[in-house]
Structures are given as C-alpha cells and as structure tokens.
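Residue numbering begins at 1 within each chain, and the chains themselves are lettered A, B, C, D and E in the order written.
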Amino acid sequence: MITAAEWAIIQLSLKVSLVAVLGTLPVAYALAWLLARRQFPGRSLLDALVHLPLVVPPVVTGWLLLILLGRRGPIGAMLEEYLGVTLVFQWTGAAVAAAVMALPLMVRAMRLSIDAVDRRLVAAARTLGASRWYAFRTITLPLTLPGIMAGAVLGFTRSLGEFGATITFAANIPGETRTLPLAIYTGLQVPGGEGAVTRLAIISILLSLAALLVSEWLIRRSTNGRSHVV
Amino acid sequence: MSFEIVLNHTVGDCRLSVDFASQVPRIAVTGPSGVGKTTLLNCIAGLITPETGKIVIGGRVLFDSTERISIRVEQRGAGYVFQDARLFNHLRVAANLAYGERLRQAGHSGVDRERIIETLGIGSLLDRWPASLSGGEIRRVAIARAVFAHPRFLLLDEPLSSLDQERAAEILTMIEHLGTAIGIPMIYVSHQPEETARLTDTILQLAPR
Amino acid sequence: APTGPVILGPSSLQEALGEVADGWAAKGHSRPQLSFAGSPATARQVSAGAPADVILLADELWMDRLEIENLLAAGTRRALLGNTLVLVAPAGSNTGVADDLANLPALLGNDRLAMADPDTVPAGRYGRMALESMGLWDKLARKVAPAENVRAALALVEAGEAPFGVVYSTDLAASDKVRMAAAIPEGSQPPIRYPVAMLASSSHPDASGFLAFIASAEAEVIFARYGFTRLAER
Amino acid sequence: MITAAEWAIIQLSLKVSLVAVLGTLPVAYALAWLLARRQFPGRSLLDALVHLPLVVPPVVTGWLLLILLGRRGPIGAMLEEYLGVTLVFQWTGAAVAAAVMALPLMVRAMRLSIDAVDRRLVAAARTLGASRWYAFRTITLPLTLPGIMAGAVLGFTRSLGEFGATITFAANIPGETRTLPLAIYTGLQVPGGEGAVTRLAIISILLSLAALLVSEWLIRRSTNGRSHVV
Amino acid sequence: MSFEIVLNHTVGDCRLSVDFASQVPRIAVTGPSGVGKTTLLNCIAGLITPETGKIVIGGRVLFDSTERISIRVEQRGAGYVFQDARLFNHLRVAANLAYGERLRQAGHSGVDRERIIETLGIGSLLDRWPASLSGGEIRRVAIARAVFAHPRFLLLDEPLSSLDQERAAEILTMIEHLGTAIGIPMIYVSHQPEETARLTDTILQLAPR
C-alpha cells in the first residue's frame, strides 16, 4: 500500500502543518481581533501586511523569509544567538513558511466571526461580573469558534499544500523539509514521474478530507442546538 | 440613601434627564415607550456612560462625573434582567444560570436557589439550549440568571412581560421577597400599574421632553 | 504589427535569449514572444498542445520525450548551447578556498551544499554527475540543500545560508554576491547541453527564420557574453 | 515613476484578477450555500474537491488544468471545438488558473456567513409573502454580504498573487499571461534583478492595499448602524 | 367558517393538541407560558408542519393532512407579529414596513397607512435602523410591518407587551378596527384578560397535558 518513504513524507507533512497551524492560531486570532475591534493608526497597513503572503508570489515570500530569518538576517541572527534556533534547512523552517502562508486565510475567517459577535451578549456577561478578559474567554471566544475552526481548516489545508515559500526558504531536503507538495513537485520534474505524483496527490487529498471531516464534526458538535430553526 | 440618580444623557433624539433621590428599597420606573427607561438602566449598569450625573445605589457611588468616578461594569454588582433577555445561546440553561453565580461570591447570597427555580418553573429546562425555549421561558431564565449572580441591586426591565398572570404573580412575590427579606435594592421598569403598586409607592415617572 | 512567434525557454536563458530576440527584432522582424518557466512545465505545456513555435530546454531528457511524442518538427532538433559548472561561495566569506575539492566535505562541517535538486532539476543532476565523477557524492549526498532551481540555489549561497554551492558558470558570471570557490575540473564536467527545436504544430512564418538566427554567429556573441558556449553542429 | 511595461503588467494583472474573482463569485456562493445548507450524498467529497487547490501544490493544479483544459484535454477540446475558446497561453487561461486557486478561500468565507444567518428572519420574510428565492435575495444575500466581501478580497488578493498554476497552465507570456507574480519570478531569475522585483512587489502590495481599503469601506458602509452596541 | 383548527403536534416535551372551530371573526389564545401558543401560530403561518390536522381560516384551507394540502408559507397570507419581533436588521424601518407591502397586492388593502403609522407613533422612526430602536418601538414597527403586508388574516403573538397602557389601548382600538371594518380574521395571543376581552369573547384556552 503506502511505502515507508511515503509514510515518512506524510508524517513530516503532518508535523509541519500541525505545528504551523497550532502555532499560528493564537497569533491569527489576536490579529483578527485587533483588526475587527480596534481603531489605531496603521491599522490598514497591518491589514495589508497580513494579506501580503497572499499577494506576493510564494517564492518571493520564501525569499523575504530568507532575508529576514536567515542566519545573516536581522531576526534570524538574533534567533540563532539568543535561542540557538536555526530555521533554514530545518523542518521548523518549513513550518514557519507554512504558517506565514496560512496566516491571512486564518485571520480573515476569524475576523468574519469576530465581527458577527453580538456585543449585547458581552455586555450582559459584564453585568454578571465578568471582567473584559473573562467575558472574552467565555462569550466571544466560543461564539467565534466556527471562525476559528474554518480558519484552522483553511490554514491546515493551505499548509499541507504549501510549496513555493517552503522550497525557497527551507529547501527540498528529504526527511527534513521535503513535505508532500515538494515530493510531488520533485516527481513532476522527471518525465514519467506522474505515477508517483498521483499516489502522493491522492494521499494529500485524503489527508485534507480527513481534516475537513474532523472539523465539520467538531463544528457540528459544538453548535448543535444553538441556533433557531423557525 | 438607597437611590440617588442624577443624570443627563442624549441618544439620538432622546434627551434623558433625571434628578431623583429616595430612601425606599425599591422604585419603579414608568413612562411611554421610547422615553429612555432602558437607557436609564444601561447607565446604572455601566453599559452607557452618561454625559453628566451621579449614580448612588444602596449607599455605593457607582458613577460621579464631577468626581470622575465610574465603577467598572463587572464591579457594579447589578443583577440586570434585560428587556431583550440576552441569554447566552452557546450555553445551556444551567450554564446560563451558573455564569454569574460562579463569578461573584461577594454580593448577597441569601437567595434560595431551589425555591427560585421552582417559582420560576424552570427546573425542567436546565438541560435545554436557549434557542429551544418559548418567549416566557426565556424571560424566566433571564430572571434567574440575574438573581443568581449575587447582585448588590436588581435592574428589572419589564421582567414579567409575556408571562401569564398566575405565574407573574408568583414571581412578583418572589421578587418582593428578595427586596424585603434579603434587602436587595431594586429598580423595576413596568407598564403595569398593578405590578408596580405591589412593589412600591415610589415611582420615577419619565416623560418625554 | 503582427505578433512574433512564441518561444518557450528555460529560466536560465532568460536574459541571453531576450537579447537575442532584441537582435532579431532589430532586423525588422516582429519581436518573438518569450515565455520562461522550468523545463518540465514548458515541456508539459507543449505536450498538452500549447500553441508555440520554438522550444529551448535546459535538458535533453524532456526534449527526448517531446520527440517520442512526435511533437517536434522533423530535423529541427539540435544541441545548441553548452554550459559548465563551478563551486561558488558567498562573496565576502573566508571559509577557505577549496582549491582541492576533496576537502569540501570537511569544509562544510554541519553546513549544507546548495544546488538545484540533484534528482530532478537539470542543473542539480549535472552537479551530481560532476561530484560523482570526482568521487565526492557519497560524502556529500546527505549534506545537499536541494533547491527548486539553480537560481534558488544561488540565492541560498548569496544569503550565506550555504557556505558553498554548485551552479552554472553563467550564474557566477551574473552575480556579484558570490565568488568562485573552486573550478570543477574539465574531466569531471558533465555534458551540459541546451537543445532547441521547432514544434511540429508551428505555423508562424518567422519560426524557422528565428531558429536559424538563434544558431547564427551573431547570436553566438550574445550567448557567449552570458557565459554560454555554442556547441558545434553534430 | 511607473514604466509603460510595468503599467501593462499591472493592467493585465488587474484584468486577470478581476475577471477571475467576478466570474467565481456566483459559483463560490452557490457552492458555499450548498455546503452550508444542504445535506446530500457526496457533500463531503464536494467539500474536499473545493479545497483541493489549497492542498495540492499549485504546480500540480496547473498540470491538472493542462490535462483537463488543454487543447488535447477532454474539456479543452470541447471548448475549442464548440466555442472556439483556447485557454492555454491566453490571459483567459491565467484567469481560470487564478479562479481555481481563489475558489476555496471564497467558498469558506461565504459559508461562514451563510451559516451565521438567522433563519428566523428568513421565516419572517416568507410569512410576509416572499418566495424562497425572493427571501434569499433580500434577506440571506444581504446578510451574508460581509462574507461575500471577505471572500472577494481573499480571492482577489490570492488571484493577484497566483503563480504556480498560472505559469504551468498558461505559461509566462509577456502581455498575455505574465502577471505581476510571473514578472516578479522572472525578475528573480536574473541575478541583480532584485531592484525590478522590489518595485513590482511594492506595486502588488499597493494594489492589494487598495483592494482592502475599498472592501473595508464597502463593508463599513453597508453594515453601518446595523448592529447593536450595548 | 372563520376558524377551524384541528391539530396534533409535538415539540420536545410539549404535546400540542387543538380541536377548535368558531364563526367569530377574532379569537384569543391564552394559556400558561410554554404551553404551545407560539407553536400554534407557527403551524398556522406554515413555519411548522403539524404532524396531523386541518387548518381553515376565513374559509380558506391552509393545511389538511388527510387531503395532503399544505399551502406554501408565502401564499398563506398571514400578517404575523412575532413574539420576538424579527425585524430585518439590515433594512431601515421604512424598508421593513415596505417589505411585505410590495410583495402582496392580493389580500386586504383597506388599511389606512398614514393613520396606522400615526397610531403606532412610528412616523419619526422610518429612517432609523432597527438596532437603534427601544423595545416598544420594535414591537410597534413589527405590528405595522405585519398589517401593511395585505394580510388575509393576522397572527398576533403578544403584540402589546412592553407598551405603555395608553398607547396599548390606542393600538388595540386600531387592531379592533382592522377586524371589524375591514374584516380581517385575527388570532390574538395574550396574557392580559382586559386586552382579550375587548377583542373577543371566544377564547381558545390551551392547557398543558
């Protein structure tokens, strides 16, 4: 069925995508919240910055990551010096690339949900003794769960499919950064590699299908009975 | 002094101007629709900041524009039954009731949880989602949620609308008991003179201007 | 003006071919439309029936495939250009000059050697052949950072992420952020050949004219300026 | 300032992205509505299919488009025979590639809004004499406007940034399919081309910033006063 | 026959069973909170399909489970004032009022638009968004919206709750007029015996079972 080499690729891809999505979730939510609720100078700029990885070709994003997070880059040098973390050529680098590419999708979905929260309910929670933070945790956060889930699914599938930024920033190292899309690409580069490509593509699709089903189930479970029917 | 409510506030075309003080434990607020009753309660709860004014309830200064005092919403200790109920749709009835109960150990705690649930007739609803409740059931759950939140005072915005008279009478008795026995100050908005008459003689009549 | 023929080329020929096209246009022809992408993408477009006239690839492999599929105009295929490989290092680096390529594995330490993907990308396959013929591949295989294409490999060296990289000498000539770390001995240079052919489906009147111009002495000067060598007619 | 060649690229990119987004909007909305409201066999499969372009690397998507919509492909051959339409090497092909890549983002955002519509309002409209279709147009559609706008913005920015599927399916032909990302990529292939790349990247960012500002303004205008504050 | 309502339906624990017929133009529905009054109106409006039953209003068969008749919601011609108002938040008040008015030219049209707006006191609200209205204002706009929709019959679910008595009385007179002068059959849910008494003697009393 699935060869050992394919298993290794699947595991790597899942690791990269999961770390990317879980690591980005809180950041994306915070950004979504800021953009939805706060007016501040530079808000539009931040919005544009968040969308940047969508607009700029992935290869350019990878190139920018290389400049910023590379060992000689301003942030990369600090990461290396103070935390001993190197990203380039590491699976962590692939996760960072995937996270950056997934960010705009996650922020948008979450923001849509945050915008839709009925503030009267938050006000009600406050009168019942909830601090801003507690009301956020118990009212806003659960009410925006559909947006969080949608964002997570979008981000996860986008991460699973991320290619250009990853190969540019983290290279295509078997076992370290050769995720499913990179393996697929590699297969496409040789004439007659279509067979292997098809297998890997089907695996990708099944993984995302599984992610979709899980998320649908979670959403259904968590919103069951909550909405009015007639 | 139980109530001292002095305030000026404008929303849209509605200019709300109140200057009222009283020692009684309970007051009623009446006035035609759109006069500013709900706005007044929102000011007292701290959801709206009045342009100027002073709000003292049960001897506690909640707001004073000249002294620049404005207690935070969650510290005011209101038990607010909203005109539009505002149940948390993502929590079952039991969790709605527990929401404020868990948060404030401070305020009054002499409420007899079981008896209130029985009087309100919501015992069988605890496991239900708010979206499946009838209009009157929503109202009753909203009353319980406010009362269970260890309130320092109650703000009741037409709490008995859409309840049948028998049940309404029982609930009124219960509310009265909260006022007398436990001594929670109370502001009661209603259009039903019979209701207000049972609770208090002191009526703050708002008039359009 | 009527539109010129559609020419599909490999990314690495971008500038040189652009100049050649300018030269052709200067003779009063309408300028050809040049499309650059990786060789596999280009070859696949042709396979799918894309309406192009002339194709240049960095790689005989894909040209073979097109030939098998009968997509090339008979008798028009030829190996046009040659290139060589070099070992480069970041311009400012002092990580030792690897005069003797044999100590490259030691010099790399825990770092990686940047090159185009040695399994798939033409530049990478050629690099692998060179390292194999020098007997270094076994020691280096696990230290390679395979890049999407040779330019991406160059970028990794330019950024200092990789202390060394294997690229075309045309890339070395074009970048001022890398220096030559070592030449690859003539005997170990693989046969790098850029084939060109006219497509069987081509109907553009200028196609064969431009094909001839690419092979002309005038074009050879331009290609040479970018470091390519003109291969002798078979 | 901006050279004539850059202008041409900008115009092409805008044309491609606008056509892609406007053409996809109704399809995306219909899919979102189906996925949100209807239970039918194969629903999960359709969901997965919509997400496909996210999961599979863009180059593979381009390759699949080539197989399906190329002149020798099953659909492409029909398009050519009956409609005289060729997509490969045409700007329309670039628009198709951008549309396919943008689709999942648009569907997700719209679906989130459709899920959030209060069905009691639709029921109220029906009692007032509205047919299903009229109620949809006058209630559901306007209530989901934020999702439509978010989807359009995501789709537009994604289209502006689309690279892999375009270069694979529609090639990199100046004036026809060389959109901003392809021009940027082309610039990146030239050592020392970073200057031109930076200019083009900045132009991309400004375009998306403009799109964001317009969409924010539209959303604000259309939802102003509609939501409860306290 | 003006009203023939026979139906059996179960939602959750609530079993609704009605067998009622009357020739009067207006009937009132009462019963304790949660008994099924709103459910009954929803069945008549066509928002819920009863398990079994027959619904005839003003001589028109809206539903008959044995004959497999079920007129579509939008063709039933209800003017339904929902207990929870359900104004369209994305439309201004004027557009809310015009919504049904535009759609049905068919039904009754003897309503005096201007007088109703005046009686309801909503003339100054036409330009406003529903989110800015007070509780009573929402209710009044909801009444107008239903009445303006050229209804063949009215379903009023506690339409006067949260309105002051003076205004409530005026509106009741107006509603009465719609019934008598224009002859629109009407089902009126209320907990206020005085209200129902003014409108009708025929009361459908729902009791829990």
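Throughout what follows, contacts are C-beta pairs under 8 Å (C-beta built on N, C-alpha and C of every residue); 3 or more make two chains touch, one makes a residue touch a chain.
Chains and their UniProt names: A, D = Molybdenum transport system permease; B, E = ATP-binding cassette domain-containing protein.
Nothing here was measured: the structure is a model prediction, and the numbers come from that model.
Common partners of subunit A and subunit D, by the touch rule above, are B, C, E. Comparing mean CA positions across the assembly, the chain most remote from subunit A is E. Ranked by distance of CA centroids from subunit B, the top chain is C. Top-ranked chain pair, ordered by C-beta pairs in contact, is A-D. Per-chain CA centroids place subunit A at a distance of 50 Å from subunit E. Averaged C-alpha coordinates give centres for subunit B and subunit C that are 79 Å from one another. In subunit B, the positions touching at least two other chains are 47, 84, 132. Within subunit C, residues 155 each touch two or more of the remaining chains.
Shared interface positions of subunit D, defined as residues touching 2 or more other chains, are 59, 63, 120, 123, 188, 227-230. Screening every pair of chains for touch gives A-B, A-C, A-D, A-E, B-D, B-E, C-D, D-E. Against subunit D, in their complex, subunit C makes its touches with residues 6, 8, 11-12, 14-15, 33-37, 41-42, 44-45, 48-52, 149, 151, 154-155, 171, 174-177. Residues 230 of subunit D are the ones that touch subunit B when the two sit in their complex. Looking at the complex, you find that subunit D touches subunit A at residues 44-45, 47-48, 51-60, 63, 104-105, 108-109, 111-113, 115-116, 118-120, 123, 146-147, 150, 153-154, 157-158, 160-161, 163-164, 181-182, 184-185, 188, 197, 201, 204-205, 207-209, 212-213, 216, 227-230.
By the touch criterion stated above, subunit D contacts subunit E in their complex at residues 120-121, 123-131, 134, 138-139, 142-143, 223, 225-229.
Partner subunit B is touched in their complex by these residues of subunit E: 12-13, 30-34, 37-38, 83-84, 121, 124, 128, 132, 134-137, 139-140, 157-158, 161-168, 191-193.
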